[in-house]
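Shared chain: chain A. Partners: chain B in the first complex, chain C in the second.
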Partner chain A sequence: MDEEPERAKRWEGGYERTWEVLKEDESGSLKATVEEILYQSKRKRVIESHGQVRLGMMRHVYVVIDCSRSMEDQDLKPNRLTSTLKLMEVFVDEYFDQNPISQVGIITTKNKRAEKLTDLAGNPKKHITALKKAVDTVCVGEPSLYNSLNLAIQTLKHMPGHTSREILIILSSLTTCDPANIYELIKTLKSLKVRVSVIGLSAEVRVCTVLTRETGGSYHVILDESHFKELLMLHIKPPPASSSSECSLIRMGFPQHTIASVTDQDAKPSFSMSHLDSSSGPGLSLGGYLCPQCHATYTELPVECKVCGLTLVSAPHLARSFHHLFPLQAFVESPVENLQGDRFCQACQAELKDKSVSG
Partner chain B sequence: MKLNIEGLLVYFPYDYIYPEQYSYMLELKRTLDAKGHGVLEMPSGTGKTISLLSLIVAYQRAFPLEVTKLIYCSRTVPEIEKVVEELRKLMEFYTKETGESNNFLALALSSRKNLCIHPEILHANIVVYSYHYLLDPKIADLVSKELAKKSVVVFDEAHNIDNVCIDSMSVNITRRTLDRCQTNVDTLQNTIHKIKETDAAKLREEYRRLVEGLKEANVARETDIYLANPVLPDEILQEAVPGSIRTAEHFVGFMRRFLEYLKSRLRVQHVVQESAPQFLKDIFEKVCIDRKPLRFCAERLQSLLRTLEIADIADFSAVTLISNFATLVSTYSQGFTIIIEPFEDRTPTIANPVLHFSCMDPSIAIKPVFQRFQSVVITSGTLSPLDIYPRILDFRPVTMASFTMTLARTCLCPLIVGRGNDQVALSSKFETREDFAVIRNYGNLLLEMSAIVPDGIVAFFTSYVYMENIVASWYEQGILENIQRNKLIFIETQDAAETSMALEKYQEACENGRGAILLSVARGKVSEGIDFVHHYGRAVIMFGVPYVYTQSRILKARLEYLRDQFQIRENDFLTFDAMRHAAQCVGRAIRGKTDYGLMIFADKRYARADKRGKLPRWIQEHINDGSLNLTVDEAVQLSKHFLRQMAQPFRQEDQLGLSLLTLEQLESEEMLQKITQIAHQT
Partner chain C sequence: MASEDEINLLVIVVDVNPIWWGQQAQRDPQFTLSKCMDAVMVMGNAHMAMARTNKLAVIASHCQGSHFLYPSKSWSGEDGGGNDVSSSGDGKYELLSAANNLIVEEIRNIMSKIEVTGNSTDTLLAGSLAKALCYIHRLTKELEVGQEIKSRILVVKAAEDCALQYMNFMNVIFAAQKQNILIDACVLDSDSGLLQQACDITGGLYMKIPQKVALAQYLLWVFLPDSEQRSQLVLPPPAHVDYRAACFCHRNLIEIGYVCSVCLSIFCNFSPICTTCETAFKIQLPQIVKPKKKKLKQPM
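Let's look at the complex of A and B:
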């Protein structure tokens, strides 16, 4: 891995056997360490992702956050919950940056129950405030995979067929308390084409392996905080669309931003439609984005028009989503024998040990 | 793929091969070449069975005159089925590769309902059946006696072979046995009366045959047709049945007398232990039964049952048992002991007299096998220390080797937890068995593990009594309640139906994510026959060292015998026995290279070299100084780290070239060199 895991104070850590990691690296080629394998698969992922595949650009993702007792564990600093919520803020930000025409909702599960923290929405601010508030949650009881998935399905199944339906579970506990047979629910998820991915914070749990395998999602377990972040960021890229998903043309509106100067006497302040339902924030403004169909005012994009239901985006948003479809060309690997010149890194003078180099 | 093993062309029905499989086949071939016996240890899940089958079948094809038959002995019916499945795969591969339909005949004997008695089975090239068909003199006589000398015998999962041998030669007689025997004898008498009235000639014919003696059997043995039966020693064959039991009535009368004598012996108030000669002397003094007729008892009974044309021999099991006992006790003056106990140790108030005629020398039962067949291979996942098996079974192997698992990632994690968090030494030894601090710390260990290990945990205790005590104590201290927040708890009991129910529910809980703990007992059903693949066993915790109950008189007698006859010290044998059971228990969790699991030895005594050194090499090599004498906390940290590492994606490509080879990779110079290092010669 390229970056050192960042930790707060050494003395706060549990028993760590850093010397053993070193020893493993040195020992003969027979004991390829897990890091090596990880590194290989990471490289492979980079190379593989360049095929021309259809991606589910309009995503509806429910993130399920485990808030059970095991989230109080302090192996992530300061504890698993705080660390997860911090990373989630980054995730939400990044997610909307890369997927401007997608939506996210957050579900928490504890005490054998699942609750919606935020509904599916395209506004990062709302989520982030909710996440910030959630830091004070008391972690109790066991999580319930069944209830969380069920809650997510209730909303996701009404989403149009051309969008990608996803659930991302951040699971810390190794046990789940379910009211019914979860394998039945997995079948339902499969038939609804909901993709479920899991990030485990402790270890590999069988039911998650089956869940992700059946629904076509991915299952990863974190090694440390930096790895956690890396795994979370993997979910920012839109997944390949399943071949059976519908495709249809979608009407979109590109509203123009109008700003009326304060000096203009004709300008009348108006309420932003997106602020109607929330009490927070300044609702009254002079300018904004006007829906090309019904002229409702919005202060932010992207949004679905409250009045006429048109999807309002700006051109740069679409362009940003576009780059997932046409990524950079991959480097061409050539065997190290063909390399002219010396086989040392120009920066640190370390010998190049890889079997192939990019050119 | 087609392999070249020291000049022998071996068809191997898979595209990839583990390096240790290749190495294993090499050793096996050397054993066959030398026409000797071998002891081979290779971890479970590395394809022992298919390596064995491919090599021996190839050998049979290459040298049809050297090896005519493979006799594959396994322990349980599911294991036999697995062997047959692999064999089928191999045969299909042969047909595909060579293009000709093969004329190999394989035969599996599993249970009576599948039993085939067609004479063709004598010509089968491969016979797969249970140990008992070869070792138990009563069954061996029926099934195995005509197997050719040029056969290769394989005992798979043979880590308990000495106990199987002993059990097959030992006889326990209770009052019930004697009562049933009495009924048998009465039936015999009635039948004789009936026959005498209708067909006296038949009995006369039998008498004539007995006068002529057992010459026939003797001829057969000399001309090498039959496998020697340890119940039927050589001397008997050279003599005629003595006059006193030659007629049917006399024999029945003789049996009655013997029965009465046994009944009188069972009326004891205190424990009696005596040797076979003492017993014979006593029986002569009390009821004037000589040694000689006793020795012919088993043979005479068989003859009588044949003459009377009794179809259902199972009804006569009691009288057969008694007559076998009579023959054994009068034949072997050494290697056996007779113990008569008026009651069981646990229930000293209930009279339940038992006469144990116990075999102390496993080599008696297996001796004919070693003598008769040119190659006998003993193999298992846990046979360490290798050198003790030849000693207790009394044979001279030409090859002894222990193979390790080559791994692309370290998928097993043995930890020796010697202390609690409060630094109290953890041990199941007798003095601290009742110690609350130890019990609490054991509970704490299980609690902490239940919080960090996903899905299934199997915990083994040293005995049922110990488990009951500990669990009761945990309940009082509220530890069980805490554990149940993380996982469900299931307990193995002595009732087989209850246990299989618990097992089923345990697997269900592992499957659907609730997680479960199975509390069971080393040497119990769970520890021997049941595999906990993948999520069914992510961790095995061994609470204490599973020493056998040392106060048993039978065991004491056996230990004494081992010391006197084989110069094996009591302690060495006990430790060996405890460690092989511990290895069996923890080995339940790893059933292949993609599997992973924690092995936790919770007793500080495991850290000592004499214990650690007796673990199989494939476990031992992963125990480094850093995993000795840990506290519970340290063990938890290591486990957490291990489980996270193991949860990272692992595909077949990652194994390729390291622990999984294609043919080209196998043939590279470098790999061949590595392979020679895998086998650990002792």
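Let's look at the complex of A and C:
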């Protein structure tokens, strides 16, 4: 049906002598070689990163977590579900740290159905509380790729064109139960410019390969828990924007932070709009961030004003995203013998002892 | 009480912009650079005297670069250095007098040898903060097992802000926030928006001194206690930080602006092309509604 790239499967290749790479040092330990290999792979990843490519800075990501019966398997300690949820908490924290103006939503799928755990939101606390509560869910049934993708599309298709729409699926089962043709859905995803990536916990599944290839995402299968964490962290960097995403000027507000104390005569307590739907008591506060358009109070940024719809951010949030746009150039290693004069580090006043110096 | 193994590191970054200090000496001969360095040395000595495991570093921030005043590379260690340098004869703790002598000698070298060339008269504060972070990082890596280190940076700022250093400054601030390093600021002359943001984001203290002559007093009262002790003291209230962004076209602070989705530059007015990344924007045209054809009434 569609042309597959010529790629030999692992069992079709000849024998690889992977043990020859490791060498022992004089005390018989392999630690130095292992660290060297890890270091080289990290540097390769940094150098490979694209130069002047337009990045999708405002991202809407839906994470689909498989809660089917295969998640009770104990190959990740204590079981796959607990391990996944713990890594998801780390993911959510890092994600909002690196992309402060983006949003995340979580969907779970089990028993041939899909349901939303949390809506698309820019506040990490809601997601983390939901993830902590989800540890008790019973894993039963089969997942449904079609239903979860459908549920995600229903929200993503209303998002404005300049944002990047992504879905990240964590799939542990080898089967999926779909009510309709999933290849039609893949065509819809392509037309809506949604990028789907999959992290497999068991083995490679062909329908996922097709799904990620058609939509432009990535497909990886984990080796162990640290590899799982590494693969999740790969999705935190903003992906290159697709050529058809529109660039537009987005209207944003930069609210002032008012701090008032009880002794001020003009200070009036007000409800924070962000706590309207939470049930934790009246959220009266004296200060906060005032929306410049409608003067509604909010306790935290970034947030979308519920009254007038203006996105509110503060300047450091935008500055946070700058280091993706202006990345550091890779350091060039030069051997320490080439240095003339004192072997001295300008920045921290230490003697240079390593074999090679980067700069 | 702090445990025996905890090391408290204080890095003092002093702004020694020669142009500002030269003008200051003419404005007010009572408060000159030497008086300021005296106050800084008093603060450094006080910090080192608080506990045996406290450490100090001093960096001078110049418009041509930044230099470590203490510890400097010509000083090989506590036992080296020679007896002629450190013997002060009045029974002062040897470490403190050695540190003072070093600082005085280095600042004298720097101010006499470096000439101001070029057009830039702004202090390279972001670079000095980056060097301070490197030094802290190196000391953290050299710790033995079981030792903890808590670090903070104190900036004594004299001249005005330089808007060109905004990106570097923000990077330094985020790096310090990640490493849990506090940045405190003691401002002598004009308020600095960048340092206010730095202190707010990292959790440090910002203070503009009302009377420059009393610099030593303010340093000892406000900035000497470390973060654990600060919760038990009543210190000056936090300054009102202006987090509004400045637009790229006029450098005015704006409350509502337009942000380019590609390069995140901020504009105050709508314009069809972004000046930074030169992308043409899609303009939302209002929908044209076709008027409904009304049936004309036939004249009777």
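Everything below uses one rule, namely that the second predicted complex is superposed on the first by the 282 of 359 C-alpha atoms of A that agree within 3 Å, B and C clash if a C-alpha of one lies under 4 Å from a C-alpha of the other, contacts with A are read in each partner's own complex, and residues count from 1 in each chain.
Methods note: contacts are C-beta pairs under 8 Å (C-beta built on N, C-alpha and C of every residue); 3 or more make two chains touch, one makes a residue touch a chain.
Since the model is a prediction, treat every value here as computed from it, not as a measurement.
S.K.: Between chain B (first) and chain C (second), which does A:Leu192 come into contact with in this model arrangement: first, second, both, or neither?
M.R.: Neither: A:Leu192 stays clear of chain B and chain C.
S.K.: Quick one: is A:Val138 in contact with chain B, with chain C, with both, or with neither? Answer first, second, both or neither.
M.R.: Neither partner.
S.K.: Pick one for A:Thr176: touches chain B only (first), chain C only (second), both, or neither.
M.R.: Once the two structures are laid over each other on A, A:Thr176 reaches chain B alone.
S.K.: Which of the two partners, first being chain B and second being chain C, lies in contact with A:Ala315: first, second, both, or neither?
M.R.: Only chain C is touched by A:Ala315; chain B is not.
S.K.: Under the stated touch criterion, which partner chain does A:Val307 make contact with: chain B (first), chain C (second), both, or neither?
M.R.: neither
S.K.: Chain A residues touched by both chain B and chain C?
M.R.: Dual-contact residues (chain A): none.
S.K.: Could you list, by residue number, the parts of chain A that touch chain B in their complex?
M.R.: For this pair, the touching residues of chain A are 14-17, 20, 29-34, 37-38, 40-41, 69-70, 75, 142, 145, 174-178, 181-183, 200, 202-209, 220-223.
S.K.: Using the touch rule from the top, collect the residues of chain A that touch chain C in their complex.
M.R.: Interface residues on the chain A side: 54, 57-58, 161-163, 241, 246-257, 259, 292-293, 310, 314-316, 318-323, 325-326, 342, 344-350.
S.K.: So in the complex, the part of chain C that touches chain A is made up of which residues?
M.R.: My answer: residues 68, 71-73, 130-131, 134-135, 137-138, 166-167, 170-171, 173-174, 197, 201, 238, 240-246, 254-264, 266-267, 270-271, 274, 279-282, 284.
S.K.: Across the complex, what residues on chain B touch chain A?
M.R.: Residues in contact with chain A: 406-410, 451-455, 485-487, 510-515, 534-535, 538, 626, 633-634, 637-638, 640-641, 643-651, 654, 658, 674.
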